[in-house]
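Here come two complexes built around chain A, the first alongside chain B, the second alongside chain C.
And now, the complex of A and B:
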């Protein structure tokens, strides 16, 4: 076995150029997920009629199926849907003009909503009811109590989960390569095939992911200290 | 972009794909079996704080948790033949299934070792001390006192991991394994109805996940029967 260490270094920097795309595929869906996830979490917590059953099924189905299938299904379904819509309404618009990245982002966003909804729900549930009662007792309105008392505490509780979800989505962003996206893994494949050095290229890619994961963990540890500063024990 | 969408095809595809469910479950079961064994071995150095080994395990677990399983799969697929080539073992005709099981065993071992460590550490040290105080041996204390309590903590976590691993097995097709996804790929080449195949697959995976969730919930209740008496009192 000969491992070309020098090539790992070359490959590392070549693959690193794909990092912005990987981060886009990771972060954009999480932002969408956070926004819509809050809404679905509240729907599920307040048990809004009919919609709550739908939300329940949506979350359960997306969490119960492999994410690679979400990517593939959206990749094949969206163009068909768009083309039949545009044929129906007589638009001059073809799905071929839409970049594949948009389908990928849609798929991951739909997935992120399901995972986020679950995390946010657990965070809100973790805040004791006494907190909101105390907020009412000092004369706050419901929006004030939710915004000033519940959400900051819920956020502190879900930070580790958010970090795990970020790392999870960073890793699942590799599935985008199955629909020929040039993110880190796609790029690693190209670098590997061009130079016929597969092992070295994938080692380089693994190092990038590992580094990103460690950085994410460090940032979370720092943020956690800041966000949960109010509940730290010991001397003030 | 393929042919027109035809929902009735699900009726043909579902049984075709279900026939390959055993392969998917085989990958899951085999990698869980080896993963648990290796995970236990990995948990020991950290539980007993053995120097050097602990640091090695920490790096190993960090690497597995820090890299996508798809990358791990490619690393094993290209790396294992190279490593075994050193001892003149030829893997060029090995079934890709082997690489998948090796990858998922290595990967699940890291995650399961963390679950095992967390569960054992969650049992209060006073429990062991009390067991010694009533005259139990170390083995009795572990088997009768620590293990049942640790299992209770570990099961929900373990359940989540297993369901995660099941979904991860869907990546085996990328190195040409004939599991459900692999069969799906060949169905797509034969019929050009990609969307229907993927929807059928999603349905099957979802049903399997629901069955697994039910099974784990039942076992959790069984393990917690002693706890629940307290709560209802």
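And now, the complex of A and C:
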């Protein structure tokens, strides 16, 4: 067996053109998940009536089923739902006019909310009770205390977890290929098939994933240093 | 004037406070003594509703809160009339000393930032920490952290400051600096309720001493009443037990 090193380089740059799509499928759901995840985590922690059971079920179900399944279910169910709604109300709107990417992003976002909410919940729980008591004692309301005191500290605590989740989502974004999204691995498949050089194409793809992961780790280390500067201690 | 009427608090089936009545006049320095588990800290935390009393009434100035049906606004109002100094300081870990003192002013009292900053600097100077403004709590000693805690409470200009065992977590050699600060502000007429085990401090600084046991006030009076001439047997036992060993007569040790 011989490896065509030169082709790895060629493939690398060709596959790299799919990186924006992969990053979109990774980052957009995570941003969405962070926002809604905070709300979900707070609902669960403060046991807000009725909604908290709903949130509990949501998190349990979505974390209890594989992401590729969410992608497939949304991909098959959403168009049917939209079309039947459209027919019922007599709209001229057809699901076929919606880009598939939107279904993919929906599926990943729903999943991201579930995972994020658990990470954020753990971060909030890691903040000592004394911190919120002190906030109350100086006269803050609960929203003020949560926003100004609890969440900033929780964020510092969950940074390593967020990086982990990013890496996880980066790698699971490959499932988008099952619904014909030409992301990194999809592109690698095409490059491989066209040139009949599978190993080289996949090595190139692996290098891209690895590179992205390393960048994510570096960014996290940098953020961690800045965000948690306060806890480094030592008499300065 | 601060008035507590018939305060009850239980945790599940454990009754911690069984009907506490206490009146504190403006400028009073009240010290609460008692064995551990007597409900001192819980009582303190009931005043600003960090613990919610099951029954009774809390009055601070013109505001009276019925503990059975406190509204969210009542609780916030109570907390804005009081400040608390915690046993474990509880400084906001992600904020500098100065930001710790400013935080309540800016967020809760809506004081303009510049004014809050000036007042906070003044308070930090008062507790002798002007040079530590930009330090994070993790960069300060226990005594320094607690002094920031006191500055944070003072800056709010509350009607009442609650001290929850402010020196219990400190190294013995750091206790003095914190007590000295509390003593200074007590002499300036700040109304305070202090839970402490520092008998010398209680004797010297307070004008009213409350002895609690089993969730009730066993005895209260001037420091002289309590320390020199306690009426209740339980008070006498307690005071005897916490008197330092070295002051025991030698015969007692043989």
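Definition applied: the second predicted complex is superposed on the first by the 234 of 236 C-alpha atoms of A that agree within 3 Å, B and C clash if a C-alpha of one lies under 4 Å from a C-alpha of the other, contacts with A are read in each partner's own complex, and residues count from 1 in each chain.
Convention: contacts are C-beta pairs under 8 Å (C-beta built on N, C-alpha and C of every residue); 3 or more make two chains touch, one makes a residue touch a chain.
Quick caveat: nothing in here was measured; it's all calculated off a predicted structure.
Undergrad: Following superposition onto chain A, is the placement of chain B relative to chain C best described as a clash or a fit?
TA: Fit: chain B and chain C sit side by side once superposed on chain A.
Undergrad: Touch check for A:149: first (chain B), second (chain C), both, or neither?
TA: After superposing on A, A:149 lies in contact with chain C but is clear of chain B.
Undergrad: First (chain B), second (chain C), both or neither: which does A:159 touch?
TA: The answer is neither, since A:159 touches no partner chain.
Undergrad: Between chain B (first) and chain C (second), which does A:209 come into contact with in this model arrangement: first, second, both, or neither?
TA: After superposing on A, A:209 lies in contact with chain B but is clear of chain C.
Undergrad: If we overlay the two complexes on their shared chain A, which of chain B and chain C does A:69 touch? Say first, second, both or neither.
TA: A:69 sits against chain B, while chain C stays out of touch.
Undergrad: When the two structures are overlaid on chain A, which partner does A:112 contact: first (chain B), second (chain C), both, or neither?
TA: neither
Undergrad: More residues of chain A in touch with chain C or with chain B?
TA: B
Undergrad: Mind checking the angle chain B, chain A, chain C on Cα centres after superposing, to the nearest 10 degrees?
TA: So the angle at the centre of chain A is 100 degrees.
Undergrad: Could you grab the smallest C-alpha gap between chain B and chain C in the overlay, to the nearest Å?
TA: 17
Undergrad: Can you list the residues on chain A that touch chain B in the complex?
TA: Against chain B, the touching part of chain A is residues 1, 3, 61, 64-69, 72-73, 76-77, 79-80, 83, 95, 167, 170-175, 177-178, 185, 188, 198-199, 202-203, 205-206, 209-214.
Undergrad: Which residues of chain C touch chain A once you look at their complex with the stated criterion?
TA: Residues 48, 50, 72, 76, 79-80, 82-84, 86, 88, 90-95, 103-104, 107-109, 135-141, 152, 156 of chain C touch chain A in their complex.
Undergrad: Show me the residue ranges of chain A that touch chain C in the complex, using the header's touch definition.
TA: 128, 130-131, 133-141, 144, 148-149, 152-153, 156, 229-236
Undergrad: Show me the residue ranges of chain B that touch chain A in the complex, using the header's touch definition.
TA: 1-2, 5, 62-63, 65-72, 74-75, 78-79, 82-83, 85-86, 163, 167-168, 170-171, 174, 181, 194-195, 198-199, 201-202, 205-206, 209-210
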